[in-house]
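Letters A, B, C and D name the chains as they come in the text, with residue numbers starting at 1 for each one.
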Amino acid sequence: MALNKEQIAQRIAKELRDGYYVNLGIGIPTLVANYIPEGINVTLQSENGLLGMGPFPFEGDENPDLINAGKQTVTTIPGSVFFDSAMSFGMIRAGKVDLTVLGAMEVSEQGDIANWKIPGKMVKGMGGAMDLVAAAKNIIVAMMHTNPKGESKLLAKCTLPLTGVRCVKKIVSDLAVIEVKADGFRLLERAPGVTVDEIKLKTAGKLIVAGEIPEMVF
Amino acid sequence: MALNKEQIAQRIAKELRDGYYVNLGIGIPTLVANYIPEGINVTLQSENGLLGMGPFPFEGDENPDLINAGKQTVTTIPGSVFFDSAMSFGMIRAGKVDLTVLGAMEVSEQGDIANWKIPGKMVKGMGGAMDLVAAAKNIIVAMMHTNPKGESKLLAKCTLPLTGVRCVKKIVSDLAVIEVKADGFRLLERAPGVTVDEIKLKTAGKLIVAGEIPEMVF
Amino acid sequence: MNKVVKGAEAAINDINDGAVIMFGGFGLCGIPENCIAAIVKKNIKNLTCISNNAGVDDFGIGLMLYQRQLKKMIASYVGENAEFERQLLSGELEVELIPQGTLATRCMAAGYGMPAVYVLAGVGTEVAEGKEVRNFNGKNYLLEAAFDSDFAIVKAWKGDTNGNLIYKDTARNFNPLMAMAGKITIAEVEELVQPGELDPNMIHTPGIYVHRIFQGTNYEKRIENVTMRKRN
Amino acid sequence: MNKVVKGAEAAINDINDGAVIMFGGFGLCGIPENCIAAIVKKNIKNLTCISNNAGVDDFGIGLMLYQRQLKKMIASYVGENAEFERQLLSGELEVELIPQGTLATRCMAAGYGMPAVYVLAGVGTEVAEGKEVRNFNGKNYLLEAAFDSDFAIVKAWKGDTNGNLIYKDTARNFNPLMAMAGKITIAEVEELVQPGELDPNMIHTPGIYVHRIFQGTNYEKRIENVTMRKRN
């Protein structure tokens, strides 16, 4: 069975290490915050200028001056700190953020990522995505393996305008955990009940399957 | 009669305009703060990270965390602000400081200045002088017209290692007020009782004397 | 030298058609509501706006869009604005989309007197087209120019009559960077105080960068995405 | 992840001969007295120091000079130190003098992930020798590389156990810039508090830049030039 969004987030959360500073993108990545493992202390960075992002406020406690990069109301936690956007992207560019999790429309077998523009159709802008993918030490993409038409989003080469080149390290999709290696997509884990053949079928880029591929454990 | 140091500072203070942000170097320039004209409000910048520098503290009030760029104890005034050294030189580099007053060992008729090094003899370093002369909108040099041996310090070309090139706009010496123009040192004012001939004699670079040269008024 | 002006209308008095203006804020958070309203009222045209976002359809910079006051928009993300998309696709509005960190850093560069900066964002993408790519220590960087704007309009929480500013929470965002970057910087604040009332250690924007200041009124502080959790 | 260490000796435990170390402070103002004392006690050798000044003969970095622990000094002004001058003239000590603003900006560049910056200071002087000069908008700038240091050692007024730091008065100086620039950043503070005790709007160095922190002891805070005025 393919994972749902919550399960993708849950699987990604297993990649967190104690002491990590983490930037979570909009969508599935945001959900990762709900599954931080016991005993692991991570600090969330929001690129609009907050380190130590807390949960959403209780009703009535929302503060218009306190939002995340998705423009949602959030809260602080003890030890939070605010800063300006230049410092925020400065710490990202300097490699101080250990892990970035974000969504993608396409990922190539070289680790290129496209997630900001569909020519002639979508012109929202890249926001902070280009800065994040260019600079974060470790980038995990949370995505569906295929688009609604069933076409693979893991390609030999991206067809959409790129957000960044050779930057994605790992992909957690609804079907698989995949590492991006020099020679292609290396299959690490399968979603429970999903076969290697199905993953092969739905991966347009080069998929490397070496040895027994374990099922994900939750 | 040649001016004393206090009088040089007093003459320079007449160049201040209301609202100016001013950086005063060590020595005679520091004294300028004592002669700010009535009705003129200037804000002193100290490049170690203070805007709105107040006078020296009263005995017993000295604060080791609060010094100026000359490492002297100073005070704040209402409206002072502290910042780090990058921002301090950032505002200087961006031309936000209206006037810099500093001393010099030599000035050339092109406006070059040398004040940081005597090869083989003095190796103290340039501190913030190179940043200031390279970036301030307006630079006035406070200096003695000649060195202790009687040799002119206003030269056709500097002999010492430069601090900055083509940057000095005006010189107030013990003998004269001089503007640095494209074609040389232009004599603007004489110290009371000092003749144009004496200034000519003590200026090694090209001195331009056009029309009647008034005496300084205090 | 008095930096205090009476209000938004006086503050923007000399902003004319064709000006290049930076607006602080991230989404609707920390935007200079009073000055935006005054510019909308005065209906200044052919503006080039530098701002992370373009407001929403009926608030913030969106109000200027609706009145077709903008010639060009320089932003990183404009996804909340249907009128924006319409003007862009119809060719009425010129748009330059740039990475958010690059936007921030180009403001900072202007405030720090750095003519251009090397950044990582956009290498290998269409953002890099026509720009210098240079390798330092094995990594490729893009050279990005400092912004050159006529006016920067920012919103702070508190300010004093010297122009010193303090921002609150994530309403800080681009405000201190743009405050440093304008040839003329206008600050509207929720509370204007006398010099000495702000702790000199806790000021985000030194007054040397600020040319005009006033206490704004009637801040709406609209929230784009009110997101809450249930009390147990 | 516990950033709190017991004291200076623990904090500098893995600094070995030949390390490149940044030291915050301007003159003797805001220097990390505890860590300097520990490095002097441990007598680590062949150090490259990046610091605006080199202390005085019997305090600050001057103590390391006296013990000949330094191979190279990178500073902007070293005028208060006779032993420094002696070692320099005798060739025992390698010295690189750089403009103060360039020193600050090269630290900031490291903390902001910018590989190099264009600055005005030093164009046309011996500082420019061997460096790229480039014209932007009619002005010449020098390209200066970001610093690459193994350790940055800074002194703050208050800090919390997450590594968030607040500096006091002009003791801020180079400290926040160097705090951003070290591969490993060590902060000693006058008062170490729990997360939540510092106002999140008023923090100068976010903890993400700080790897080790401890509360220092017995700060001497020596003043170089006590200058006073008479009470009337």
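Rule of thumb we're sticking to: contacts are C-beta pairs under 8 Å (C-beta built on N, C-alpha and C of every residue); 3 or more make two chains touch, one makes a residue touch a chain.
Since this is a predicted model, take the numbers as computed values, not measurements.
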Task: Most distant chain from chain A, judged by the mean position of its C-alpha atoms - done: B
Open item on the list: Need the CA-centroid distance for the pair chain A / chain D, whole Å please.
Closed with: 37
Task: Between chain C and chain A, distance of the C-alpha-averaged centres to the nearest whole Å - done: 28
Task: Centroid distance [mean C-alpha coordinates] between chain B and chain A, Å - done: 56
Task: Where chain B touches two or more other chains at once, by residue number - done: 76, 82-83, 86, 89-90, 92-93, 135
Open item on the list: Show the residues in chain D shared as contacts by 2 or more other chains, in ascending order.
Closed with: 105, 112-114, 119-120, 167-169, 172, 200-201
Task: Graph class of chain-chain contacts, one of line, ring, star, complete, other - done: other
- [ ] Could you run through all the chain pairs that touch each other?
- [x] A-C, A-D, B-C, B-D, C-D
- [ ] Write out the stretch or stretches of chain D touching chain C in their complex.
- [x] 105, 112-120, 136-137, 139, 141, 145, 166-169, 172, 200-202
- [ ] Could you pull out which chain C residues touch chain A in their complex?
- [x] 26-30, 52, 75-80, 85, 88-89, 95, 97-105, 107-108, 119-127, 157, 167-177, 204, 221-231
TODO: Flag every residue of chain B that touches chain D in the complex, lowest number first.
DONE: 46-50, 55-59, 61-68, 70-74, 76, 82-86, 88-90, 92-93, 112, 123-131, 134-135, 161-166
Open item on the list: List the residues on chain A that touch chain D in their complex, please.
Closed with: 18-19, 21, 41, 43, 45, 51-52, 76-83, 86-87, 89-97, 135
Open item on the list: Residue numbers of chain C touching chain B in their complex, please.
Closed with: 1, 110-114, 160-162, 164, 180, 194-196, 200-201, 203, 206-209
